[in-house]
């Protein structure tokens, strides 16, 4: 049954340190309020998975020392490009990086969604990526008469999917619209925790037009209201990124000291998310 | 209207010329110039021309989440796509990961995104790297995010078609696995290009100058295209077109 | 580009004889008007695929001699059970049957959707089904330390997906709501032909609530309006099956003569679909 | 209210008793009695109890198309499911395909549906076959749609739990790969069951009678459950409950 939490802080208390957490890219559903709560509580040892890439939220978590491993096809902050704390952490060797490619991450999650050990994936062959992936196997296509090589990508089963969505209802259903990567994430994960911008008046599954974009409560373990909860990243179909704020971040986060100042001001201060 | 053609306008036009006759062009993340080129090619097309742009809400008809772009390419429904690279070498290998000994790269790029997939599956992949220096165009990339060519037994309907930079256009010869200089943008010279390119390439017997956009096309770029691209790339659009 | 056809007859003229056609089950989107048009035209040699099962439309096509091969997890007419013309055709050996199981059919289509040669599927092992499937391979899970057997199901690429949907727009987008098996079918097929009950006023993809249940026109090759076009099977969310009519059918179709009378009355007569 | 308990009402109750403590019960196509049982178990449950019913619009929370039921089972999110069979044998093998030499079966059933999958993945699969005759319950099925047990190296978290018929309840012993008679419905006898069962089964030392529904439960079945089930199975509901 889906639990409704009054506070985002309580919601994220359901994320143990060292969890493997699936996160959406900046153009999808970023639970920034929950990310700030994780930083505030001092989460450590997280393994974050960008589905298929990760942006601002990943850079924040890395900067705050919450991340041990990052598994992703890329780290990029919207239109602004390089993520300063990620770049610095890689340079200093303070985090592990598992470099992937978008369709392989999607395929790994879809394998978990289907309960199969792996999924064959086209492409990839001859890329240096596979040299460093012990969870990818080069195998032969058993349906080909010739010796056609293929990459088999191991299933990816996150402990937790943590996302922000525009709408949720009191029954625990959450609406992701066309951003269905979040549905795959929820299906594939052991637990799914969600923050949402607005409470939907009614049941999302009973509305013929809303149901197709809804993750049923069956897959949703916990929920908390977080108005404007994707700020400053923006929420698809609802509000754009706060570009000015992102620029402030990118400027401050160039250095470790600047990043600390940033989180002091915007995460630890009580008026953080206003 | 100023007839001084900005570099970005020139590049949008040059790339759009390579998209003639396409039915479906997809544009990845953080790609304002290829995005503008795709929208320009669509505006100039008399036949059905579809643009799918990652990050756009207006020019994105996908309804099956993040996996659809890749599935769609695997189904053969995408004719052209764009890739860049922190490093690109003379065999069209691209590096979107970093410089130095992986994983302890001394310079880290954002990551491979979907390159290690779309480069194999989309028939016409246009490499685009604005910076044309020996640092960007190298003899051999430090890390292969995706290779320019593959052995015959690899199922690979796609691959590199051309490389467009701020200075010139290279076409890729798949059999030779090598670039050939196609045209030099106005204001640039062969000597400069040889000097600024870290890899070897074939030279044609006569050097062609890259055709700039007509004044009508320029108007289109600065009007309709600037407007359309600003939805996805507001910062780019306001910087280049002041809109 | 999606072509709009004025008549269902013209739409189905784009289905060559001997095509491999993916069809939806009775509780999803059944293009009955198009099926009647196929029978009227005397289509032959069809290979029909139930995704994952097929009902009234399959029985009709089989009875009318349009089908050479049927590939399905089951043939069943709604709550009524056994499909009389299918049962008789199997008994008389007049059609080929490729028996499958629902998730394997879905997996085969999903493999085609992803452009991969096969998909691993759980279950199936030790079933007599696999003895008769040369497009399924028993292989070993390469990610398991023990010799764990697995079934690899070959990709299924239909020539044509033929479906009926509640709504379509003038741009060629079609709305399937939560019946997303039809989206997988369209993605996996070389061509998709659609009949629809009502024209949607506007663009389905521009409506935030409609887009998540919409197959974009990119995948839709041809469209024709067919009001009440799923009759007598019913259309999810729109109208129920015409149970009285289905009973008439089941009664008449018990014999070949009765079936012929049925199609004379309801398919070849001009007032067929009224 | 008539206290004469109809067979269908009895079976709905018997099956619902096996669903106590479940969190999520799924019901396949053409299954009015298991569907009624799941809805009854839900009505009687004090904890969270979810029913997903194929073919229902009311009791179906799936939003990912036809594949979701199967994916959901593979994820371990379905606790109980129902399977039938034109033939069921003493090793719990089920045949939903036909009688005779496949593919030229002289009697053809609808087909295997998802049995060759869900039987492996859902922990508590309840076999339900109303007809209890030597024709239905056979020594060995003519065609195995799905086997009752699998070798140890097969990843199989699920399998048969019990077999419910119009005459009795059998429980399945996975280790012995054999049924044991659990209880006999009122009005039936051991001799009759032995005579009408085509396969051998274990007998308990004392024979228990199947507990019928209480009058409150019967009221619930004839009221709320009859009403709920009629959405998906109108013909069944009107025949049994006259509603």
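The chains carry the letters A, B, C and D, assigned in the order they are written, with residues numbered from 1 in each.
The definition used in the following text is that a residue touches a chain if its C-beta (ideal position, glycine included) is under 8 Å from a C-beta of that chain, and two chains touch if they have at least 3 such contacts.
For clarity, every value in this text was computed on a predicted model and none was experimentally measured.
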Set of chains adjacent to chain A and to chain B: C
Interchain centroid distance [CA atoms averaged], chain B/chain C, Å: 41
Separation of mean Cα positions, chain D and chain B [Å, integer]: 59
Centre distance in Å when chain A and chain C are each reduced to the mean of their C-alpha atoms: 36
Multi-partner residues of chain C (each touching 2 or more other chains): 107, 114-116, 121-122, 178, 180, 183, 211-213, 237
Sequence positions of chain B contacting 2 or more other chains: 62-64, 67, 70, 74, 121
Chain contact topology (line, ring, star, complete or other): other
Interchain contacts (touch definition) - all pairs: A-B, A-C, A-D, B-C, C-D
Parts of chain D lying in touch with chain C, wherever the complex brings them together: 29-30, 32, 54-55, 57, 62-67, 70, 74, 96-98, 102-106, 108-121, 143-147, 150-151, 153-155, 233-236
Chain A contact footprint on chain C (complex, rising order): 107, 114-122, 137, 139, 141-144, 150, 152, 154, 176-178, 180, 208-213, 237
In the complex with chain B, residue positions of chain A that touch it: 25, 27-28, 51-53, 72-76, 79-83, 86-87, 90-91, 93, 96-97, 99-104, 106-107, 110, 121-129, 132, 146-149, 178-184, 236-237, 243
Parts of chain D lying in touch with chain A, wherever the complex brings them together: 24, 48, 50, 61-64, 67, 70-77, 121
Chain B contact footprint on chain C (complex, rising order): 1, 112-116, 173, 183, 187-188, 205, 211-219
